[in-house]
Amino acid sequence: MVSPILIIAIGLGAAFLLGFVNEDRKGIAFALTLAALAAMSLIALGWTLAFAAGNAQTADILTAGFPPPFAINLRMGPAEAALSLLVAATGFLSAIYMRDALYRHGRRAMAVLLVAIMALTGIVMTRDIFNLFVFFELIVIATGGLVLLSEDRRALAAGFKYLVVAQVISIMLLIGIAFVYHAMGSLNIDDIGPVALGFSGAGLALFLVLVALFLELKPFPANGWALDIYESAHPGFSAIFSAASGSAALFAADKVLATSPAWLPLATAIGIITFIGANILALRQNNDRRLLGYSSVAQIGLLLTIVGQRDLLGDSYLFIAGGVLVAHAIAKAGLFWMSGLVGHRDLKDWAVLRANPVLIFAFATFVAMLVGLPPFPGFYAKWDLAHILMAGDRAWLVALILIGALIEAGYLFRWFGFATKREAPEGFPGFSVNKMGIVFVTLLAGWTSGWIWGDLSANPNVLSMVPVLFALAFLVLEPLPARIKNLIAIAGLVGWFVFRYPAYDPLQLVFAIIILVGGAVIFLASFNWQGRRLGFYPPAMLMYAGLAMLIEAETSFTFFASWEILTLGSYFLILRGKMSEPHALSYIAFSLGGAFAILAGFALAANGTQPFEMAALADVAQTAAPYVFILLAVGFMTKTASIGLHIWLPGAHAEAETDVSPMVSGILLKAGLFGLWVLLMHMGQTQFYGINLTYFLVWIGAISAFLGGLMAIFQEDAKRLLAYSSISQMGYALFSLALMNHLGWLLALMFVINHYVYKSMLFLAVGGVYARTHTKLMYKMGGLITLMPFSFVSVLIGIIAMSGVPPLSGFGGRWVFYNAIMTADMRLPIILIFLSGPIGFLYLFRLIHSIFLGQLKDEHRKLKEAPFWLLVPQMIFVLFLLAFAVVPGLILRRVDAYISTFFPEGGLEWTSGGIISEFGYWNPVAIMLVIGVIFVSVFLLLLWMNHDAQKVKQFNIGFAGERPYRPETTHFAWNFFAPYRKAMGFLVLPVVTTFWNAVTDVLHETADFARKFYTGNGQTYALQALGFVVVLFLIGSGGTP
Amino acid sequence: MVRAFVTLVFVAILGLAFGRLALDYVPDAALNQTAVHYAELTPPETGAQNVVAAIIVTYRGLDTLGEVTVLFLTAAIVALVLAQTSGPTKGRGSGLLPSGELLQTGTRMLTPLILLFGIYVFVNGHLTPGGGFQGGAILASAALLLLLADPVRRFSHRLLSWVESGSGVFYVLIGVFGLFLAGGFLDNRILPLGDFGSIFSAGAIPLIYALIGLKVGAEFSSILESLEEAEDH
Amino acid sequence: MAEIAMMSGFALILLGIFGALTNRNLLRMIVAFSIASTGVNVVLVSIGYLPGRTAPILDAAVPLESAAAQIVDPVPQALVLTAIVIGLGVTALMLAYAYSLFRHRKSLDISDFTELKW
Amino acid sequence: MIYVAGLMGLAMLGAAIVALATKSTAVAVIAAGLVSLFASVVFVLLAAPDVAMTEAAIGSGLTTFLFFFVLSRIRREGGNG
Amino acid sequence: MSIDWPRIGYAALTLFIVINYGMIMTALVRKIGARVSGRYGIRIYQNYIDLVKNIALRSKITHGVMYYLGPVFRLTGGVGLLLFVPTIYGSAMWSNFSFAGDLVLALYFVFFGTLGMALGAAESGHPYSAIGITRGLSQVTVAELPLALAVFAISLQYQTLNITDIVAAQQGGIFNWTLFTNPVATLAALFAFVGTMMRSPFDVVIAPQEIPIGPPTEYHSSYLALMQTNRVLFPIAKTVIYMNLFFGGATNWFEFAIKVFAIYMISVLVGVVHPRFRVEQSITFFLKWGLPVGVLAILLV
């Protein structure tokens, strides 16, 4: 292999050679620079591949031909190789990116860039602390130089502030090195030897060295200077500054810390404070580069925390730290380079990216990498990190990391929302080709790093799972017309169902039918759209892929991976709605919060055993079981939008597109229910200080059912009404699931099926009406029964089925409910359920009355029936409901047998005619027949009396002798249930919404208040750096100076 | 006022930290293991009399290479910074009094002497105290004298950058030769160690020190040059 | 001897830092920092000093055999050499910055350059 | 020997205090030069001839000159030192 | 599915008897009301006259399909409610189509009629009928709550969902009627009974004051005929359920007549004394009084 010292030799040699090239021949100078950077990258790449292939050992390179303590030695291990590759590659790409800036400033700037990259690789490789100091000084001066490349006049001031703080840091470092040398007798890091945690003599010396290295890493209170550089420097340089120099400085700190593990807690403390602090402050930023500055400071803080835990992480330390570092470096470099493409600096101006879908995809990839979503390295790293920390019972640290990651996800996805939804400033010249090329290369690097980390990880590689690949294939198929893609999607879903059919147990079978076959039926409605419909099919198929894998997940990893994939897919799907931006943001915030709770729960349950079987949830240690239960339950309840975690649902489902709403509402909510099912299946009767946790779930279910319904009554927007009704129905399902008896579970399953059918049907019907009337507000509609008979029929059948009126399957649910509560030991919540039953009937009647009955508005007179393709799935659902009402046993019999494995007693006998339970008998066919006969006979009686009734026009009504002229005044729909509002309005006060708004406001207030800390004055920054050292010294020495 | 008080408090506490460092400091009775190695093995291994020069050039050669690069960077960036700021153009060296007869003849007489002394310093840096940096500084002071005496004079840019780059590249080449010919990068045994104490001894150390001297001298002069020219354009 | 040098070195550093952080004029800050770096150099060299020993030049006065017992620790001196030159480099850069900032904003007061904040 | 070192130390501190306290920047620069001059004497006392020469040449010589050069530039363009 | 014709025959006969009994009884009750307030009151067979008049009227219009089917739903609801519950205990011929799970069916079948009526009235397009529907639905949902709780309490007490078993359990003496074995549940059920009988103080829904006649505003002639039969039949059917659940059921038609009349008179007596509630007042009334008694019923069983 080529000796790594050549990286430094080539870098320097080329820098000096540039001196020979005369001033005006810039092309040659630039070519030389690129060649040198390419050579350095190739050497690093050679070593990295050698280490990856395993045929290379960690090599120590001696300089001056003498052994280490007497001369400087460099080391090239796997970590060093990877980092040098990262640094050199970032340098190379940045050089290409900054081509015109380098041309403008001539060969000197190129020399400075070359020396900067050489110095960074030097920091990574050197094993001598004074040599480290020299390279750090080189970086300080090179940064001072490269900051000048920026067009922004303010960069000059930022550079000066940086130099001032760098002086303070170098003083500390030099003193520290001197006294460490005096104490240890050698300047080589390996000889420094373990220094005990103490603040006198060698301890104090090492403290000074460490604090200087930490200051170099821009710790939270003392990093104003770094943020000014991020904001004003050339984006090409900011990419190097954040990805390369951040990583190099971090590795330097890691090397020094490795010698004396006693000091690791100091790193953890500083790291976690920086991670949380910087993330909170980033909330109030609206300058894109300054936001990226805060985010990269936060990520470096997270990495410092991981370095601080290196003794606990042991041999998977490289994998975790590497994963987070690679994700941070690639994403940050990519985002900085993209900021160069966008003309203006406000977050909302990134909307210009919509001109090029590939850039939007790149932006999404980078955001997903930073937040640590599958299939990128950050995901695997975060998974292993949480597990190991939990096993080492450092739950508080996991909690802090997850909270920080959630805040970061918050402001990143808000930014992504701005990019996709806000209108782009006009007069945009367009993107420069070579900069886009760089961003595209980074995108590829991101996905390959995802693949690599997937392979390296002990858990299965997310990118190797067939459903995910099928979803990603749709990225390639984007140019095809929508209808063909729709066909492929349906074929894919049904094919996967048929392929996996034998592997399903009855419970999984029911969910599989709903997700796969149900998904295919809803996709029929998507035939309604012409054109290519960019950005619809990949997220949709990603969601279905996540759902399909969720129900088959054996290990906790596949469960969690599929959970996050379906969250990601559904977020992009919901974001497509016209006004869905704020709601999509609250959706992703709640979902990720829930997902992180699940991650913490799995980590606590696994307690170090990888891979952790889902079935093993049953035998979790008693001490941890209640907390695992609570965490997982909260995580799953964010998905079923139980009360308290529900405020994202109405907006997300209402503002989504017509065919997305049924998908998200009918199918996606079932994921949360499936999770709860698995949880209760394994950890049913967990006690928490003597109280059975399932009691809480019963109560939450009942309250959600009641309040969900109550809120639905007062909605004016049809889709919001249906969304709130989903909350109520999910509350019902949670209630019956938590009853923990045979019939309870059977009822929950019937709910899963019923809710999917009629919620999708109603959403499609309302969607069809919206397609024609272009409004969702019910009081603006009315009298559409004559124009849209099919939609009316489907809504009517939906109402009858949902409200439990006898002939249809809803009554079957009520009958099983009655039998279930007979044996349940919980009495009080049942009262809420009794009341929420009829309330369900109320809001549905409001839906059908305000839209279809009453007065027809003038502008709707010439409307046609809902689009054909929206009606087809509705009619399929109507037939299914009728069939299911008459023959419920078809599906339920097998499931009933399966449930009796959990709850043997209290089952049902399925005779040919009817169903016999312990308390009663229900013969659906007989009831249907009797009611049918009575109905027909009465109808015939009326026909006999009144066969020649004459159809009258609209306003021919006995209206106190007057003839009303305007349909608006005579259609009673606005504030339909006024008496209810007067009587029970107080129950619907937005308590939960105000609570969550208060939480976000507090965060934003602290951010706004805290960021004033950075006054912009260079001297203040130096003072803060000094203060940082002094405070650490005081805390460290226990306050005894 | 509050800032001054806060700074005072911080500096006081830092003083305490340094105080504790100073109190705990006990001068060693004997040299530590690294120093002993250098004391005993410098002559056989490098053949240089001046141990500090040996450490600077061979043992910790990478540091010195880094350091020379620091100067190279400073020269380049100072030129960049000043090139960016277009100042008031009031002609070259205007406003300064023409230097008197005495000054010019004195300069003409002194400059060669200073140059000679500078070269002497860095040529036998490995024998007597002094070396590349000191020699370079002296050369620069010669250039400085010329500039002060005759502000309008301009050194040819070509010469300065050629000397600077040439010595830099040659220095790196020596390092690379060390890698292939001798033990490692920047090893001075690529040339015979010669007999102890003479000018042409200690392998490549004098050569490297000479190069450093030239490079440092050229860099300082170019820093002064760019400062001088700042007002031209 | 070494203790006195170290004490004065530390004092110089503290004075330097105090001066740099209280004086608002750019040039005065740079002067203060250069004093602080001189102080650091003094401390560094005082670390290497062993009482009663001579300079690390192995000429006639210091025979090879007894060198280890006669010379002071040469390593800190080598470090200081590098540190001085680096100090000069940084000072020169800061001066150039100060000069350019002055031309840009016609003021040498650091509190005038606070556009980048929050 | 000890007394000379003590004297030099005190001289250094005195010069440093002068450098920080004076009103005019020119005097401050000269005082800084003085500080590094005394420092080079201290280096000689600490048996470090190389360092002394460097400090003298670079510390007091070149640094002081750089300061004066920039100072004169700034003064000529209307700034106050 | 063997269709046993005799059972259908007897069911039709029960229906005929109960309709006539309803016609006469409601007329009798209104006559008593009139006499109490010093008026002569209507003739006993007044209902028959109205029925014949409505059928004979020639003006027949329709506002649409749902409007046309509204009364059909309504009457089917009334008839279904009656036929799914055993009228006379003990005799196979008079226990109609009741089956083991009919208690739940009875509870939810009430909504069938309400739904149909609401849909029909809504399609008429008359704003007053729409307001009437709002009021009717709001009130009935809360009024049904105490009944549901009472029924749940009873089914817990008798451990069955079959009305015939409940009636069987109450035979043998007055004191083992549910009235005495579980008075709290009965009281809760009576709250609901008074609420759903469309008598003051809960009859604002169809009260003849500023809005003509609530939901059935636009109905006339033959539609009104069907509605009238239902308005006669539905209270009786509901009273039959109460009789079976709480008052020991009826072993023969004579006992049936007496008990139905007595239970029906409870709502009349309450109605005569009280002024009319607004809907939100009735809602709060049920939540403030009906609900706690229902909860008590569940907890005590």
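The letters A, B, C, D and E name the chains in turn, as written, and every chain counts its residues from 1.
Keep in mind that, in the parts below, a contact is a pair of C-beta atoms (placed from the backbone, for glycine too) under 8 Å apart; a residue touches a chain by one contact, two chains touch by 3 or more.
Keep in mind that this is a model prediction, so the values were computed, not measured.
> Note the connected groups of chains, using the touch definition above, after excluding chain A.
Leaving out chain A yields the groups B, C, D | E.
> Strictly by the touch rule at the top, which chains does chain A share as contacts with chain D?
Neighbours common to chain A and chain D are B, C.
> If you tally contacting C-beta pairs, which comes out ahead, A-E or B-D? Let me know.
Answer to which pair has more contacts is A-E.
> From the centre of chain A, which chain's CA centre is farthest?
The most remote chain is D.
> Just by CA atoms, which chain is the most central one?
A
> Report the inter-centroid distance (CA atoms only) between chain A and chain B in whole Å.
55
> If you average the CA atoms of chain B and of chain C, how many Å lie between those two points?
15
> What whole-Å value do you get for the distance between chain C and chain D if each is reduced to the mean of its CA atoms?
11
> Taking the mean of the C-alpha atoms as each chain's centre, how many Å separate chain B from chain E?
Here chain B and chain E have centroids separated by 108 Å.
> Enumerate the residues of chain D that touch no fewer than two other chains.
48-51, 54, 58, 62, 66, 70, 73, 77
> On chain E, where are the residues touching two or more other chains?
There are none in chain E.
> What residues in chain A touch two or more of the other chains?
130, 134, 137, 141, 144-145, 175, 179, 182, 187, 1019, 1023, 1026
> Taking the top-of-page definition of touch, could you list the pairs of chains it picks out?
The list of touching pairs comes to A-B, A-C, A-E, B-C, B-D, C-D.
> How about chain A: which of its residues touch chain B in the complex?
Going through chain A, the ones touching chain B are 3, 5-6, 8-9, 12-13, 15-20, 22, 61-66, 69-72, 105, 108-109, 111-112, 115, 118-119, 122, 126, 128, 130-131, 134-135, 137-138, 141-142, 144-145, 148, 175, 179, 182, 185-187, 199-201, 204-205, 208, 1019-1020, 1023, 1026-1027, 1029-1030, 1033-1034, 1041.
> For the complex, give me every residue of chain C touching chain B.
On the chain C side, the touching residues are 2-3, 6-7, 10, 13-14, 17-18, 21-22, 47, 49-51, 55-59, 64, 67-69, 71, 73-75, 77-78, 81-82, 84-86, 88-90, 92-93, 96-97, 99-100, 103-104.
> For the complex, which residues does chain B have touching chain D?
The contact residues of chain B facing chain D are 50, 52-53, 87-88, 95, 121, 129-131, 133-134, 137-138, 140-141, 144, 220, 223-224, 227-228, 230-231.
> Of all residues in chain B, which touch chain C in the complex?
3-4, 7-8, 10-11, 14-15, 18-19, 21-22, 25, 27-32, 34-36, 38-40, 42-43, 49-52, 55-56, 59-60, 63-64, 66-67, 70-71, 73-74, 77-78, 81-82, 84-85, 87, 127-129, 131, 133, 197, 216, 223, 227, 230
> Where on chain B is chain A touching in the complex?
Where chain B meets chain A, its residues are 3, 6-7, 10-11, 13-14, 16-18, 20-21, 24-25, 28, 32-35, 37-38, 45, 58-63, 65-67, 69-70, 72-74, 76-77, 79-81, 83-84, 158, 161-162, 164-166, 168-169, 171-173, 175-176, 178-179, 182-189.
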